[in-house]
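Here you go, one structure.
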Amino acid sequence: MNAPIARLIARFATPWIVAALALAGAPPALAGDFITVASTTSTEQSGLFKYLLPEAKKALGFDVHVVAVGTGQALDMARRGDADVVFVHDKVAEEKFLAEGYGVKRYEVMYNDFVIVGPKADPAHAKGNDVVEALKKIAHAQAPFASRGDKSGTDAAEKRYWKEAGIKPQGSWYRETGSGMGPTLNTASGMDAYALTDRGTWLSFRNRGDLAILVEGDSKLFNQYGVMLVNPAKHPHVKKEMGRKFIDWLISPAGQAAIAHYQVGGEQLFFPNYRP
Amino acid sequence: MASAHGSLPLEARGLTVRFGALAALDDIDLTLDGSAPVAILGANGAGKSVLLRVLHGLLAPSEGEITWSGAYSRPADQAMVFQRPVLLRRSALANVEYALAIQGVRGSERRARAAEALARVGLSPIASRPARVLSGGEQQRVALARAWATRPRLAFLDEPTASLDPAAAAEVERVMGEMHAAGTAIVFTTHHLGLARRAAAEIVFLDRGRVTERTPAERFFTEPRSPQAAAYLEGELP
Amino acid sequence: MHDLGASLVLAYYLATGGDPELWGIVKLSLAVSVASAVLACAMGLPLGALVAVTRFPGRRAVVVVMNALLGLPSVVVGLVFYILLSRAGPLGELGILFTPAAIVVAQTFLVLPVVAALSRQFVEDAWNEYREQLTSLGVKALRAVPTLLWDLRYSLLTVVLVGLGRAASEVGAVMIVGGNIAGVTRVMTTAIALETEKGDLPLALALGVILLSLVLAVNALAHLVREWSMKRHG
């Protein structure tokens, strides 16, 4: 084989070899330093993690990597073993996760609340503090409603309220966006529609258009967040020591205080409620 | 890989080249021993360029066979200068060096031989200029230098002075003579009868894919043996 | 229009403000895009050239597939790599999911077909032009590859820039295999997607302006290099 062809093959193969070496060599360097937490877009987009994680790092000495997807997706991620801890807000789905053996123990960490936003003119007269009544009025008026429809905690809550109202929402007024809270609010803003959202996302949301909070304060709108360590029995590679430390910190007085301190526009978004 | 055997003698028997239904070359027998320069003449479309390519081993015949020094594989010690030479996007010198590198010539010797070849064709002043910005005549001479530098045993030149002005054509003619003197067998095609007369010892005349005669150059221009050659010389054929 | 104006102003302040989070994102974007472009070109240019100059059974099918891969949906690639790199998947042991390495791998696979298909076309056209001459000089097809690649360097520079642009603009696959983790796998494009989701359109647009400026700068630099080189080599 002459020199130029040998050089050509070397050029061709070298990147693969280098990449393979890099991939093989890289993980140990990262492994000691962090845990992966599967959480929800609403928590991420409210800015809570941006505030909370540096506090956690100071207290714990390691990094917390948050992958923010919908609640359903977060739990699926954990089932696959791609996360060490889950931090979501759908009690029913979380308990199913536990029952399947994927989680170790569920701790209630904090709550925020949902609100219904809608056009200030409120064509369906939904305003008040009763979510089920509000939904009945919206369905009756066939006022445009933007729903997430994405297996998220918020979506699960919304479906529960419709069920309680005894209504199966369908028709051109009910728009399922199949996407996160932000895009759904964008759609609602663009369509002057009603939507169910968590207060945190709403307070950080900048594209409000003509929308405002119309329904709040109903105790049914209470949105509980739970945290679980992914079961090392199912996934031996889970970083259980660091995961446990993170959970312990979240439910510790220091962690709970940090959660309470987080504010947007002067308002507290999340209310720590861990009870031993 | 390159064969170790030489190019000469070159023996072609029954060469036929077909493109579809058309026979560009028809049952040609030809032997070249390299003792004297040979010019292949003929009208446009007679098959001169096709014949050159087959003799050089670039084109396989549809029928017949061709051997170089008795072997069927194409030897390395031959070169061809095309009517429109293809030069690489690098300097004239680098183009000549490239041909030497392919032959396995090492670094410093490469540069020396390439410089010498360019000097032979009178192009030393422009050796480091990009080959592609040179004039047609200069490019033709670079291609000649490239052929010269590898010291081939056999060199094919396809219309080497076409589209050259008289001064450049005279340069090329001079180089051809020097190559022959240095031991390279020259086979060329041309429409310039003066060049053929001065530079060739033998004329092979092609008419529609067939060799009608092979005559020493002296006699060809005054007493061609075939009527087709006579007609060509009279200017009745293009 | 109001948004656009506000964004341009915001882009200026962001770019000159020296915000460490922003510059972290910019550096990471450059790093992963350049890395994947380099890998993809190092593999794709010779691959395209090889397919261009060699003849083998099934070659036509290979060329058709190479061209078809130009339209490879990035979300599909992201999904496939997520499945491969997930702990539950065959390459889970590597542990690179949700790290920059995963982004580079996915992006390389997206850029590779682009570079290979385009370089194949350029090299094949050049080979048709050069073939007789190179064969006459004793250059066989394989040996011709480095010669052709170098001779086509200006056209291939454009191919490299296309590859780099493809890498820098990727968002779907990066989101899926990277996870858009703040400070770890958040790049310009996924940051823009996030801010858009949050409804902060002026910020999203401002980031977009910065990204575009970076891409423009790279292209301008490449153009200058090309001009300087052409003067020297022709």
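For clarity, chains are labelled A, B and C in written order, and residue numbers in each chain start from 1.
Please note the rule applied: a contact is a pair of C-beta atoms (placed from the backbone, for glycine too) under 8 Å apart; a residue touches a chain by one contact, two chains touch by 3 or more.
Note that this is a predicted model, so its numbers are computed, not measured.
> Trace the shortest chain of touching neighbours from subunit B to subunit C and give its length in steps.
1
> Using the touch rule stated at the top, which two chains are linked by the largest number of C-beta contacts?
A-C
> Among the chains, which has its CA centre at the largest distance from subunit A's?
Chain B.
> State which chain is most central when centres are taken as means of Cα atoms.
That would be C.
> Could you tell me the distance, in whole angstrom, between the mean C-alpha positions of subunit B and subunit C?
The separation of the two C-alpha centroids amounts to 47 Å.
> Between subunit A and subunit C, what is the gap in Å from one C-alpha centre to the other?
31
> Mind checking the centre-to-centre distance between subunit A and subunit B? Centres are C-alpha means, answer in whole Å.
Distance between chain centres, rounded to whole Å: 77 Å.
> Would you please write down the residue numbers of subunit C that are in contact with two or more other chains?
Residues 143 of subunit C each touch two or more of the other chains.
> List the residues on subunit C that touch subunit A in their complex, please.
Those in contact with subunit A are residues 38-39, 42-43, 46-47, 86-89, 92, 94-99, 101, 104-105, 108, 142-143, 145-146, 179-182, 184, 194, 196-202.
> Which stretch or stretches of subunit C touch subunit B in the complex?
Within the complex, subunit C touches subunit B at residues 129-130, 132-139, 143, 147, 150-151, 153, 232-234.
> Enumerate the contact residues on subunit A facing subunit C in the complex.
The contact residues of subunit A facing subunit C are 2, 4-5, 7-8, 11-12, 14-16, 19, 22-24, 26-27, 30-31, 36, 41, 45, 49-50, 53, 63, 65-68, 79-82, 180-183, 185-186, 189, 201, 204-208, 235, 237.
> Over in the complex, which subunit B residues touch subunit C? Could you list them?
Contacts found on subunit B: 2, 53, 56, 58, 76, 79-80, 82, 85-86, 88-91, 98-99, 102-103, 129-133, 146.
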